[in-house]
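One chain, chain A, appears in both complexes that follow, with chain B as partner in the first and chain C in the second.
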Partner chain A sequence: MAYSDKVLDHYENPRNVGSFDKGDPNIGTGMVGAPACGDVMKLQIKVNGQGVIEDAKFKTYGCGSAIASSSLLTEWVKGKTLNEAAQIKNTQIAEELALPPVKIHCSVLAEDAIKAAIADYQSKTAGGDDKADAA
Partner chain B sequence: MQVDWSKNFFELFGLPVQFDLDPSDLLTRYRELQRRVHPDKFASASAEERRLSMQLTTLVNEGYQTLRDPVRRARYLLELSGAAMNDETDTSMKPEFLVEQMELREALEEACAREDSLRRLAELANDIERRHAAKLEELRDYFSRGQSALAATRNAVRELQFLGKLLREIRDQEEELT
Partner chain C sequence: MMKRPIYLDYSATTPVDPRVADKLCSYLTMDGDFGNPASRSHTFGWRAEQAVEAARADVAALIGADPKEIVWTSGATEANNLAIKGAAHFYSKKGKHLITCKTEHKAVLDPCRQLEREGFEVTYLDPESNGLVDLGKLAAAIRPDTILVSIMHVNNEIGVIQDVAAIGTLCREKGVLFHSDAAQSAGKVPIDVNGMNIDLLSLSAHKIYGPKGIGALYVRRKPRVRIEAQIHGGGHERGMRSGTLATHQCVGMGEAYRIAREEMATEGERIRVLRDRLFGALKEMPEVYVNGDLDHRVPGNLNISFNFVEGESLIMALKDIAVSSGSACTSASLEPSYVLRALGRNDELAHSSIRFTIGRFTTTEEIDFTARLVREKVNKLRELSPLWEMFQEGVDLSKVQWAAH
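And now, the complex of A and B:
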């Protein structure tokens, strides 16, 4: 499998690897998996009071394309509002990284992850009770 | 040599179309079939028969590989029943399962970084094998319940694919260290 330079760059120097405390009310966590290859991806966003994503982190166990897709996505969502971040399409990720057809599902996984993270954050802010657990 | 190409792999091996199967019985049937169609037996036969023998040998091998592996057998059964798995679109996983998978992969990463990594890896492999075996039992149960448990069957197959990948990764790490 020949990876593009951009995939290699993200694979060798992944941006924003790590975790936030998922109990924190300002953090949204998206966890997704690809049954075809057994890859798992966790993407977390830190959202401020204005609904803007201040920071993002990811942890991906998978192939280079999956790592690059999530790494790139964490760079893209920083500074975006939740609505803007929700608009990001897997095709944009695939295009930016020049993913071959067999690796398109990695970009789909990343899109699913950010959507799941946004949904998780929104469910936290909607149900105020959860905030008591965070410390 | 008469060949009925419409037979599925279960029929080819003279087995009922079901998930439950005795691996040693399958192996016996495989060897018997292989012997009957082996190209060596047709060395002096017509070109047509030799070609057929080659094709059948390939088919028998493919059938054996498909049936002996429980996950491949499960996927094949679903395909036969018109409910084929689609890995690109069947991606919904229970959040708890994914959290657990993430933790297990972190545990693998930690195990590799330790001095007694081989022992840690062996423990982890045992743990995953137990989970894999338990999930296979679940799958067997779902198959016995038929159509009513289809969603659970498909979910178990997906989970087994994650566990299988993890096991292969542990084995790869073990090989690298020995």
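And now, the complex of A and C:
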């Protein structure tokens, strides 16, 4: 399989590898995929009071395209609002990385990961509000 | 100076030995013996025939057969097709049941599937978790209408050696034909078709430093084993396989087999030392698993799973070495190796397997480079792996609810 230069670059020099504390209320965590399918992506976003993603980190178990898709995604979401980040489409990732058809699912997974991370963050803040209301 | 990438995929194919190439090349041009071995009316044909027959004798000698029992084919795939379909078609009046194993090569499994479409019945045995076939289970699967058992000698992915002598004895007792695919074993493990009671044996040249495009099928004459030809057109090879013989290919295979017969013992030992050196360096890492039995295994094979690292990304990281992965990521849904799955390996381990196969031209320097590279890259990918992180945190991955896609 021939990889594009961009995939190779992200694979060899992955950006924003690492983890945040899952319990931190400012952190949203999205974990998608399954080991049985050969790829698992963990994407974490750090959101400030204005709803802007200040920082992002990832860890990915999967092929080079999966690693590159998640690495690219961490670069793109930084500085975006949650709404803007939720608009990122897998087709944009696939196009930027010139993924071949058999690797499109890697970009789909990346889109799922950011959506899951946003949902996690929102459920945390909503949960906090609920508690505040209940009190 | 080390050439890169380093070739460690000798089970996929081997380079032609220079001695083989030299000899083979003298059967092509006007200056050489280019004749058609089937031409009876002139010296060009006679000389080619002589060369083909000498090569046939060298092939027969490696497996303890009579040269008359060797049928040239285009390779082991054709030999497997000819053996399985040929025997099934010839003996179909006696019975329509065959037995094979789930870890066989596709060149055995696919002909079996074809026979199923034609109305035959096939039992696919599960191997034990070490890759070996249990004799008791094989015996229990044999029925009155069983005509053929096909069990490979050495597995292409995990390199395990089946006890073909015991299987041969069992089949002989039960009056069932025994076919074995020896593409990965010929020239690496001693073979004696009589001592092992093998009736049909598939052979390849390019797995043992001969050219691609040539192989052979051993067909027992005493007691006589009959097969129906699958290719018709002139009745070459005593009617079992028509088509003009490729003299240079036959000569190449013969020379490769002659060299293998002479050097197998010393070469096997040298390769085993290299394999053990590589394994010794890799097994120091945590969560490393050998796939298949380590004792009943060809010297050159090391199939290892690096838990929590995905195989294709590892292969990508190992671009300075040529190896194969058990995970074939070719479609939207990843397909882990069916061989590893048959051993009961879970998906993670099946996805993270790498097959290193060492051969005649592998050096100690190359092995040491490989060991260093693999350790470095596995560690790097584990730093990137959420599964490794969870494992470190003590999470039981088998209990996680994954969002499968």
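To be clear about the criterion, the second predicted complex is superposed on the first by the 124 of 135 C-alpha atoms of A that agree within 3 Å, B and C clash if a C-alpha of one lies under 4 Å from a C-alpha of the other, contacts with A are read in each partner's own complex, and residues count from 1 in each chain.
Everything below uses one rule, namely that contacts are C-beta pairs under 8 Å (C-beta built on N, C-alpha and C of every residue); 3 or more make two chains touch, one makes a residue touch a chain.
Keep in mind it's a predicted model, so treat the numbers as computed, not measured.
In the superposition on chain A, A:Met31 makes contact with both chain B and chain C.
Legend: residue contacts after superposition of the two complexes on their common chain; A:Tyr3 is shown touching chain C, with no touch to chain B.
Once chain A of one complex is fitted onto chain A of the other, the partner contacts of A:Tyr61 extend to both chain B and chain C. Set against each other, chain B and chain C touch different numbers of residues in chain A, with C touching more. Touch criterion not met for A:Val52: it reaches neither chain B nor chain C. By the touch criterion defined above, A:His105 lies against chain B and chain C together after alignment on the C-alpha atoms of chain A.
Using the contact criterion defined above for the overlaid structures, shared-chain residue A:Pro14 touches chain C, although it does not reach chain B. When both complexes are overlaid on chain A, the residue A:Ala119 reaches neither chain B nor chain C.
In the overlay built on the shared chain, the residue A:Ala86 is in contact with neither chain B nor chain C. When both complexes are aligned on chain A by C-alpha atoms, chain A residues 31-38, 40, 42, 59, 61, 105, 108-109, 112 touch chain B in the first and chain C in the second.
Interface of chain B with chain A (complex): residues 87-88, 90-91, 93, 95, 97-99, 101-102, 105, 157-158, 161-162, 164-166.
Within the complex formed with chain A, the chain C residues making contact are 308-310, 312-313, 316, 327, 329-334, 336, 347-348, 351, 383-389, 397, 402-405. Listed in rising order, the residues of chain A touching chain C in the complex are 3, 11, 14, 17, 19, 31-42, 59-64, 66-67, 102, 104-105, 108-109, 112, 116.
Of all the residues in chain A, the ones that touch chain B in their complex are 31-38, 40, 42, 59, 61, 105, 108-109, 112.
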